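What follows is chain A paired twice: with chain B in the first complex and chain C in the second.
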Partner chain A sequence: MIYRESGQFKKTYHADQAILPLRQDQIFVLGAILFAFLVVPFVASNYAMNSLLLPFLIYSLAAIGLNLLVGYCGQISLGTGGFMAVGAFAAWNLALRTELPMPVIFILAGLITAGTGVLFGLPALRIKGFYLAVTTLAAQFFLIWLLQRPWFNNYSPTGVISAPSINMFGWQVDSVTDRYYLALIILVIMALLAKNIVRSSTGRKWMAIRDMDVAAEIIGIRPMATKLKAFAVSSFFIGIAGILWAFLYLGQLEAEAFNIYTSFDVLFMIIIGGLGSILGCFLGAAFVVLVPIFLNVVPSWLGLPLGTAMISYIEIFIFGSLIIFFLIVEPHGMARLWSIIKQKLRLWPFPY
Partner chain B sequence: MAAQAADVSSRARTSEVILKVEDVELAFGGVRALRGVGFEIRRGEIFSIIGPNGAGKSSMLNCINGFYHPTSGTITYKGQPRKRMRPYVTASQGVARTFQNIALFKGMSTLDNIMTGRHLKTKATLLENAFWFGRARKEEMEHRRFCEEIIDFLNLQHVRKTPVGTLPYGLQKRVELGRALAAEPELLLLDEPMAGMNLEEKQDMARFVLDVNDEFGMTICLIEHDMGVVMDLSDRIVVLDHGEKIGEGTPDEVSKDPKVIEAYLGVQEEGDA
Partner chain C sequence: MAFFIEVLVGGLLAGIMYSLVALGFVLIFKASGVFNFAQAAMVLFAAMFIAGMYGDWGVPFWIAIPATIVLMIGVAWGIERVVLRPLVNQEPIIMFMSTIGIFFALIGIAEIFWGSRSRTLDVGIPSDPIFVGDMLFQMYDLITAGIVAVLVVLLVIFSQKTRMGRVLRAVADDHQAAQSVGIKLNTVWVVVWSISGVVAVVAGIVWGGALGVQPVMVDVAFKALPVLLLGGLTSIPGAIIAGLIIGAGEALAEVYLGPIIGGGIDNWFAYIIAMAFMVWRPEGLFGEKIIERI
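Showing the complex of A and B:
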């Protein structure tokens, strides 16, 4: 009874095709966004913002990017870390070598990542599944190797370079609250763009290729152009996430920070959160960010403090078993569980 | 025209040839799937390809479609000979098809499947879609209206938002027809649209095929095993056996052709008796 669509009649196709057709959803999402903007920065501690919320926001963005490719277009990729690094290094070098304003640098760096994504997406035209995973894995290692060449870090002796200061339209982003707001604004805008893409003809083309590429071709969808477009858009999102990761979260830049484990983490997020769902990206990111913290805090409450090594083992153990669980039981992840709950709430507390 | 439409045998309204197949050979290694097949499909008619299993019916459709490229021979569509064409190019020229084994986008809803069929009519670019402005917004509503008409036509209103993977078989076949119709093709290829259906579903589907032909004026090329359906629906029939054409003509002519009876109909009659 809580979650009821009765009485909400759609009088235009426009209303019916809205991103959130149901009033309850509209209220919920709007509430969440307002909460994130107006409440969180004033109640969260600096520690929580820096080591919890920032990674959550940035990981969500990366997960959305990867989900566009894997969940919507069905092309597997293990090169997320590499593409994040490309975005970060492109932005850093543009900031170092040009006088362009920061917003332009962000977009240019995103476009450079998109180009890189298209380049490494080319094998997808001929191969699928495991084989594609392996070629994107190669991309991951190649890109990290390439970005360790001295030119990219401007011949820094340590290979670690500090992020430039960010000035967005005259807004100097310094404090942790500023950084949180910047990440949040970019995430909200890009999540909206992603949602628009997947509900439009572009998204339907991607899903058609994912579900049945032969039939997609028969109705006039060009497989090549469609897959490459998915690689480009996905890499653009991931590139922006890479910039935010380096500039806002780490505050410094080093190719090794974007190693294969980053790729796996983002892939875990979308598998656990839900392939082919934008909401799932947020759920998955929250889960992956929260589990280590949960493992840190809860055992010590119970008087059983765990060693750091033990925590990281348990973490891997939990992720591994959850991925197996979701792949077997619920391939659409937590987002699907959420929609089942919503379905139940339509009638609750009545059985039918 | 309405008076003509009532009489099934005179429904071939024009003599304009929309698709011409000449001497088409198709070989996979040593297997010759098609051996010098030739026929013409005229605009506005319901044309059927029949034959026993393995006769090369689906191969023929795949050649027309661009999935296979004939080893030799020519296929002329609307006066243009076609050479090694990709399926999406064929689609853009106005040829749509359904598959023998349903090939729907299982993760998507009925509506989305049919909307995807409108793909060739959408012009909005990625950026317009992302920002949901300009053509993206306008087109989406126009296509929605058109797709709703198809949904009404095929009686799919109640499953509009249901993922097609969960629909029963007969409905899935209907959604697939809807997806093909959404492209507003000039030539519609139907590969066994009634396979595996019960009598009632077959009757529905037969009615849809006739209505598509009548109301939308689409030329239809049909592959079907159910002889009753084929004889009732078709304006003209071509019979294939072992990759060769063994008969062609109106349902009456074909059903009296001794070679056809021997290869196909006769066997079935024995089986029925």
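Showing the complex of A and C:
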């Protein structure tokens, strides 16, 4: 009843091509953004902001980046952690060795990550599927190893270095609220960017390559340029997410913080959230951030006398089982569930 | 020169261990087209149960090992029932993700039972050093190589001479044709996951005996993947030979290249070998050209 497009007429081409053609969707998205900007920082505790909202925002950004590559262009990558590390270390080294302003450093570090992504995307011109998945693991292991070389952490004896302070256009980002705002602003801008990229000719080419690369080539899409562009854009997003992860969330840099399990986490997010859906990235990120916390809290609510070690074992088991469960229930992810709900809402209260 | 051969042989023998894990991947991939990431977790699972039963419950090995094999068959049956059957006909990436789910679930179960502390697993394989000329070899490694050779011969006999082996080959060749002549795919999957389970038991005993049983054992998965690619996803001899190449290459690189560019290169060296090779020959050493060329 409420969710219905009747009566909303498109009078211009411009209105017809809007990102969100339905007024209900516009209100929902605008409301969510306003809520995140105006309400959340005042009601959320410091703990919630630091250990729930920041990882959620940053993981969402990484998931959007990976989804552009996997969900839209159909090229599997398990190297996300490595590319995040490249972004973080590039930004750190630029901040250390140059006098550039912070926004420029962010963009340059993103571009460096994009270049790295293109380099490791080259095998995609010859191979695909699982073969590609495993060759991107090469990126993961090689990049982490490379970034542990002493030059990259400026010969720090422990290999752990602290992040520089961030100054954005005269705004000193210190408190947890500041960091939340910075992550949120970057996420909103980049999510809009991603949403627009996938609607543009670039995004359509990616989807053509994903659906059938031979047919795409025949209608005049150059597979090489298109795939490498997907690797570059995706790595740019992931690199920025890496910077935020190190600078805003961890507050320190360590190559090992971006290990193979980070890559798996981000891949879970887009599979559970939904391949080829920007909304799915947010849902998936929320899921992966919340489940461990939920699993940590539940035994104490129920008053089960379990040791911390036992809880962590059970956590691993339940995490694995939940992945299987979600895949069985809805292999197309939570974004598909959401669109089913929307479809039902349009018809409610009638069955069809 | 003697040192070179020593390093080479050491690498080859480590490579055999990688082959052993890659073998389990290949068996499942051939029969069901599922890229089974959980193989390394199965190795850990088997090793933890053998070591745990022996160490904590005092069960002798001649009971613990068959019991674990039975358990692995149970696990295979459970996976087929709970995971594979509902997901049949889904896209390969979904199946792959579900095996990552199995990966975590199996590690979780093994740790719930046995905790995460390191155990030793000594089934009585002698580990004396032996000298050939002035070169030093480990008895343990040579016996391991023998065990693997026997295992491979048994697998070949099984797949060439028995009725079930023929069924497996038929399914590997063409799912639909196999189904249309009356082969039950569900049974085949249980059988092939069980065989991979048995391979995992052998791998678990061998790895556990060499390095101790502890949860970081699963990292061997990341060594077995490039072996798999280099050999070709569908080839058993490919898995063995690629394991040898990568084991030897890794050992030599660590000794001769490591000091020049910094240590710890064994984490990624195998991947670089596999990646370089695949740009030249995308289907691997002996793989069928099943992947679509672009």
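Simple rule for what comes next: the second predicted complex is superposed on the first by the 325 of 352 C-alpha atoms of A that agree within 3 Å, B and C clash if a C-alpha of one lies under 4 Å from a C-alpha of the other, contacts with A are read in each partner's own complex, and residues count from 1 in each chain.
Rule of thumb we're sticking to: contacts are C-beta pairs under 8 Å (C-beta built on N, C-alpha and C of every residue); 3 or more make two chains touch, one makes a residue touch a chain.
All values derive from a computational prediction rather than experimental measurement.
For chain A, the partner that touches more of its residues is C, with chain B and chain C as the two candidates. Applying the stated contact rule after C-alpha superposition, one finds that A:Phe56 touches neither chain B nor chain C. Applying the stated contact rule after C-alpha superposition, one finds that A:Ile324 touches chain C and leaves chain B untouched.
Once chain A of one complex is fitted onto chain A of the other, the partner contacts of A:Lys229 are limited to chain B, with no touch recorded for chain C.
When the two complexes are overlaid on their common chain A, residue A:Gln17 makes contact with chain B while staying clear of chain C.
In the superposition on chain A, A:Arg210 contacts chain B only, with no contact to chain C.
Of the two partner chains, chain B is the only one that A:Ile219 touches; chain C does not reach it.
Residues 214, 223 of chain A lie at the contact with chain B in one complex and at the contact with chain C in the other.
Chain A makes touch with chain C in their complex at residues 76, 122-123, 125-131, 133-135, 137-138, 141-142, 144-145, 148-149, 213-214, 223, 260, 264, 267-268, 271, 275, 309-310, 313-324, 327-328, 331. Chain A meets chain B in the complex at residues 12-14, 16-17, 193, 196-197, 200-205, 207-208, 210-212, 214-223, 229, 233, 276. Residues of chain C touching chain A in their complex: 35, 82-83, 86-87, 90-94, 96-98, 100-109, 111-112, 115-116, 222, 225-226, 228-229, 233, 262, 264-265, 267-268, 271-272, 274-275, 278-279, 282, 291-294. Per the touch definition, chain B reaches chain A in the complex via residues 65, 67, 86-88, 91-92, 96-97, 99, 103-108, 112, 115-120, 122, 124, 126, 129-132, 136-137, 139-141, 144-145, 148, 179-180, 183.
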